[in-house]
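Two complexes come next, and they have one chain in common, chain A, joined by chain B in the first and chain C in the second.
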Partner chain A sequence: MQQRPRGRIRPPRRGLVTDQVDFDEVWEVLSQSLREIHQKNASTLSFEALYRNAYKLVLKKHGDGLYKKVKELVSEHLQYVADRDVKPLVPSAVITGSSNLFGSAAIEKRIGGSKFLEQLQAVWEDHQLCMSMITDVLMYMNRIYCADHKLPTTYATGMGLFREFILLNNVYNIGTALNRVILDQIQMERDGDVISHGPIRSCIYMLECLYESEEENEHERIYLTRFENDFLAASSEFYKAEGQRLLHECDAATYLQKVDKRLREERDRCVDTISSLSESKILAVVDQRLIKENIREVLEMDSGIKSMLDHDRFGDLRLLYKLISRVDPDKSVLKEMACNRLIELGKEINANLKNPVAAIEKEQQENGEPSTSGAAAVREEKSASNATALAIKWVNDVLMLKDRYDRIWEQSFGEDKSIQTAITRAVTQFVNDLKEAPEYISLFIDDNLRRGIKGRAENEVDEVLDKAITLFRYLTDKDLFERHYKIHLSRRLLANRSLSHDTEKQMIGKLKVEVGVAFTSKLEGMFKDMTLSEELSTAFRRDQEGLGPDSPSKLKFDLSMNVLTTTFWPTKAVGSDSKPCIYPPEIEAARTSFTSYYLTRFSGRKLIWKPNMGSADIKATFKGRKHEFNVPTFGMVILLAFNDLPPGQDTLSYTDLKEITAIPDEDLIRNLQSLAVSKTRLLTKMPMSKDVKPTDTFKINDQFSSKTFRFRVGLVAINKAENEREKKETNESVEKDRGYQIEAAIVRTMKQRKTLSHQELLIEVVEQLKNRFAPDISMVKKRIESLIEREYLERVDGRRETYKYLA
Partner chain B sequence: NVEAAADSYFNAPNTHPSSSAGPSGRGDLNKIFEQFREPTDAPDTFGVNGSMRFLQSIDVGLEESTVLVIAELLNAPTMGEFSRQGFITGWTSLGCDSLDKMRAIVPALRHSLHADETTFKRVYMFTFAFARTQGQKSLPLEVAIEYWKLLLGKRFEALFPTWIEFLENEYKRTISKDTWNCMYDFVQLAQKDPDLATYDVDGAWPSILDDFVRYWREKTGREVRSEEAEE
Partner chain C sequence: MAEQESVVLVSNDGFQFILRKSAAMKSPAIKGMLNPRSNFTEARENKIVFQNMSGLILEKVCQYFYYYEKNKGQKEVPEPDFITPEIALELLFIADFLDC
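== the complex of A and B ==
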């Protein structure tokens, strides 16, 4: 407050008082009255008279004396109050010190404490009242004298004196006792007793209103300086012990609930018992003691996070998330442990797949079935079960697991972005941990497009496709997926096994959205080939119809062709190595006829025939019954060989067949197995055995019968060893492919950037290829070296770490 | 004054205007060059026999690394061959116009290889092209090893036997120019950090060195740096 010019507020002197006052005389009157106020006899006093007396003294420059005298008077009074009113009720340290009191002692303690608090409350309220009355009387002194001399007002002084004489009374230790009593009461309440909040609240309020000095700095409230620390320290001790106790007594969920309850209690306490100033601090104590220090142990309990996750305990997990968020914005413990469990479960899915035998045994043991020889047979059958079944099981299991975690994430983890990232990382880890993942995802799609989606509604089909896409996103080796997808797609298209071309295109559309057009252009090319081939076959047929019946180009049977562009189709299907064989004359005629037709339409092209990819429909009569059946082209060539036998001969040896047909051994054996060893035995083999040997002989099986008019002779599966060799070849070709792609990415980048540091180049290349595969750093380095050697790149002089593009 | 001549050579190689070898000096150098040329040699060149006689006459042993310093100085196109152009420019830059002067400066040149880092680096980088058979892009392993022994044997002492062992038993391929050049940096790193703790396998080193460091770490049972292990 600024100092005001005195003249302005000075009331007119005239006629009010005599010029001189006797200080002692006036003070005598005044002090008498102030004592009356302390005695609660204020009603007899005239405020006006008192005010005038005080006014007079200040006016006559006795402010200094008055100020000091009032201070003395209040001090005396407070000393008296301390001696007479407070002291008898100060509980002794012995009684309050220990919390382990029984029966009467506890009651005594509670009653004693309450009385003390109530007395203090009364004293404090009296003092406040007196001080406000005294302040009113001395208003003029406060406004003029105190303001001029920058002294605390009477009221502030009175509060300060209360602090000195009552609270910080060194003889009676009233302040210490007060802290002790309040903390005891809080302790009792924490232990479950009912206490009376009012007196505590009043005393706390008193502490809040009192300051360390008459300057009354906000942060020097007695509450903050002399109570709160004790309170927090005691609470910290209490919750430390409580944490240990709960760890022993509770399961994880109960622990979390108790913590939550404690947090609520402490928050309430800051409203109805102690000051709201302490709320954040006491909650931090609980956070520290009950959550931060113990949470890992709680999560590691048998009933901990693993069990909560495994049993979909959404509520418990929600509470867990809430509590952990209080102490760690990163929630790293939660993320770590939840993801570890997720990875563990994912790896279990992978492991069960690799070892179906173990999975079955485990199931049996769980069902209490003994492992019998019958089970052993089942086992063998199971372990030989085809990859498709495994693939479907794997995809479903993985998706189920992921869905479960997604649900937990939604319901319990507040859709927390960082947890989502962690879950994604975990799924990526175990999905890619399975070497067969790219193949399995493709097989899953294959199975659905071949039969799974039959009769399903559009939205259901969409859902299935989206499932596959979901998994596809996690794949790092997307190029491997593409490889398998091409093979599977080519099989579907060529063998006409796809249920719906629209769905096929829908799937490709989804892939395109995920990883771009470069990825799907070849797949789309395959479809284009199919459409063109169909048009071509129709046109060829129409051309045939136009021919006279005696024309040499006229075919005696219907021919439909698929003309495939080499670069679109998997090498497996269209590899440049043709598999030639000697066709029977009528077939050879058809081949020549089509070839010449094709080349007149598209000159300059080259047709390579792939009989191993085709099939033929044959009509035949067995035991007087007509049948029509479909065999692979090679099978047809073999069967037709028996048509042209000279009379009297009905058998052909392997060597004969080899000579007549010139089919490569590998295919010849496989087709003979299909015709003579598998279920549909159109040929009889002598001697009967599984393997085909060069010395074996074959004849048409006259005894053959089939329930159906139409049937199909499929090719037997290739044996396992061959699969291994194929796998190795595939791996090599994948590596080679990746090498080219890495090199292309390096050159693309360097062409654009001219010079670039090693690290930047690595980042760029990895980024460019992330939609195809995750390149191995050492592989990238080797490609860089190779480009240096071939002088596309060089190291910048003196800076080994920087490359320069050489145009 | 050998010292002064050597100094000027080190400070401004190949560009130093000759003080004592003027046009007359060139004539003298031409005469010296002719001494070692043999009738069968290509014009403006002397070959293996001439080279041997020349090195002997300036007191340089055929097996010592000083040969490489001389070859670099005279910009010899390949092992066992000197060109007239390089011979004259090289010696002129050092002010040597007689065999005596050449002989006198050899000890300084010999000393400079390991005493002066820029000389060493220049000679080292020169050696790849010098050692290579014409028309070949890379060095046969045995050749590279011989030259490495000559040049790096001393500075690379601790790792050298393992390096050779690795090349002969594991790597077994030819040495590219890039590998040869990067080896210079690698040796410098190895001198500063004998434990190769700061070697970064994902860094810009050629992969042959990555493989070697892995081989060496495995062999000596050294742990990879902790931060790498954490990744």
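== the complex of A and C ==
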């Protein structure tokens, strides 16, 4: 049914209702009844009679009088209640102003407080009931008179009176006492005492129901205006002291647990003792006092974050994360301190690397080895292979450290994205802090591809490669890595040391995914060369088989070649210049034969021979035992020189060899070292020493013996890590390369954008190069200058720092 | 049970009407009278004596309570056919008194 329009039909005031009303008479009856209500004797009263009397008064325009009289009556009653019921129980200390409530005995305190609260609760409940009854009886007045005059209803008025006469009673200070008692009880509970929650809850509820004014605005609840601030202030004081106390008494983990417990307690307290309106505020107080103000100090304790991280205390860290998240959405303290520790550990790993090397070198010096150049060379080589071991150790250490932090991140830090970023930044920092990082990562891969992955399952191999990629991601100088990787790869390919080409390709694939095709195209080119060379060698062999046995170009031995495209291969591994030597005739014949074969297939190309990269299998008989061994090409040339000696002469001096073979000094010395000084001594040297001097003479070592039929005479270890001199060279060429790449990036950008401000150009260039290295700003500036000089760019007139592209 | 589900309304000339409490509660005044918490005589005895209503009027009041309860919430409502012009004004008084 639709609501009737509220337009109310009133009975006419005069004429219809004839009986006149005497206000005083009716009020007398009414007030008597209301007093009965206050005395809880309502059961003898007739609601209808009361209601009808009030109705009559209002109808006869005595609403005003009635309203006032009722108010007076309630006031009187409340004053009486305050005197009779509440006052005796108000804790005396409030009146005297002493802060020491009820003396010090906790029990007394608790009982006294509880009694007071219970009394207040009872008074309040009575009043509520009475007021609701009175309001019901005076319903007609509320409906007509109060609404018309916009006055608060009887109930609201009654509540207001309660506030005036009981709570804010000036004489008895009941409100103040209430606050103090409640706070006191809460304090007792915080100190571990047991208190009864019911009375407190009721009194708090009362405060929540009362308002500062009869308008009853939400934010003017007495609870909010007169209690909460006291509560928060007292709590703040308490937790400030508590924080200091805990800092002294507890270790970090306990501190965190205590804080967590306090937070839980306060939350519970808001549910079962005081109002949930205060929950967020009191928690903020705890956050501020116990977390925000002290957390740094806590983390800096001996038992602080450092120890938690070092001992994988996932639980503690999780709690720490949870607590810090409460006060700081950025968790900057946590990030800062965790990352500092991470960097510290990372740097420790880096530093530990340097020490053993130094130690080894020192040891060798002390062994009293004569500091001759040969010994130095050997030592250098040794430290190089040491470097491989170090690289592996480094990579493993770094990965282990990172894994640990990842685990902590996962388990304790809720996989927080911003913390992950911070960890990444920290790892990046210490990884790049180590100059050798790009080389070490490449060495790690090198070692694994040569030995490490032997006999491992596919997924294990994949795991190893992924590890390397993980670290690779952290590198800023990816171009340096590429450089090392190319060298290592070329050595693996040419010396046939790679365990599996599939794995090699897999690795390159992974790199491609990370940084793109440009990065790996040369690496792939190297593979292509290898495949083509194999085909070529087979074809050449077939061609040889087709020749008659007497044909002049028919070779007496098997020849396989690797034809490399110059641009794909690192000059350092292959050697930048051709290293000619005088080959023995049969070898020379093979060389010419292959050259002419190659040129008939690919005309217009030029072959440069690199004997320093090759090797040869030789069969020889020592002391009646047949052996087959593999030596470097130069080694073979040297050994063959002894074949052609005239009868009676069995020695050749260094100068003789130099003359016969024309091998460059450096290579000649190295090869002689490996033939005459190293373990497999196919030659004997006079005089015996570690060094090869121009005055030395050599002869075939007839006494040579080896347990195995086949063996290998390595060139005194192909140095795996770079030595000092090489490092310098590498750095120089890296600088040069970077210069070109920066210029290329500048030109690419400017060609597209035509004009661009300096800042924008810088940003563009850095962005383009970030996959390869982090360009040095001053270097970019220099490159820009240089491009302006060479008239690729010009400055725009009148606009500072703006460049224009010149087509 | 009957006591709780129904209530007795008595007129000033002694007519008694027994009706469902739920219907009578339409009037806030009656509702207040029956509130068990306040424990007035009416609530205890489950009987209300209206000193200002005759049986004739109280009958119409009761009819209205049932009429209201029956048609509550419906869109199409039949005209209340129990009100005659003679008593209309008096009923208006009572409606104001009972606030319904």
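The definition used in the following text is that the second predicted complex is superposed on the first by the 737 of 807 C-alpha atoms of A that agree within 3 Å, B and C clash if a C-alpha of one lies under 4 Å from a C-alpha of the other, contacts with A are read in each partner's own complex, and residues count from 1 in each chain.
Here is the rule we use: a residue touches a chain if its C-beta (ideal position, glycine included) is under 8 Å from a C-beta of that chain, and two chains touch if they have at least 3 such contacts.
Bear in mind that the values here come from a model prediction, so they are computed numbers and not experimental data.
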item: Partner contacting more residues of chain A (chain B vs chain C); value: C
item: Which of chain B and chain C A:Y140 touches, first, second, both or neither; value: second
item: Chain B versus chain C as contact partner of A:I788, first or second or both or neither; value: first
item: Partner chain(s) touched by A:E48 [first = chain B, second = chain C, both, neither]; value: second
item: Doubly contacted chain A residues - partners chain C and chain B; value: none
item: Chain A-facing residues of chain B, complex; value: 137-138, 176-178, 181-182, 185, 201-207, 210
item: Residue ranges of chain C touching chain A (in the complex, touch as defined); value: 28-29, 32-33, 35, 37-44, 48-52, 68, 71-74, 77, 89, 92-93, 95-97, 99
item: Chain A to chain B touching residues, read off their complex; value: 757-758, 762, 777-778, 781-782, 785, 788-789, 795, 800-803
item: Of chain A, residues touching chain C in the complex; value: 1-2, 8-11, 16, 42-49, 51-52, 55, 129, 132-133, 136-137, 139-140, 143
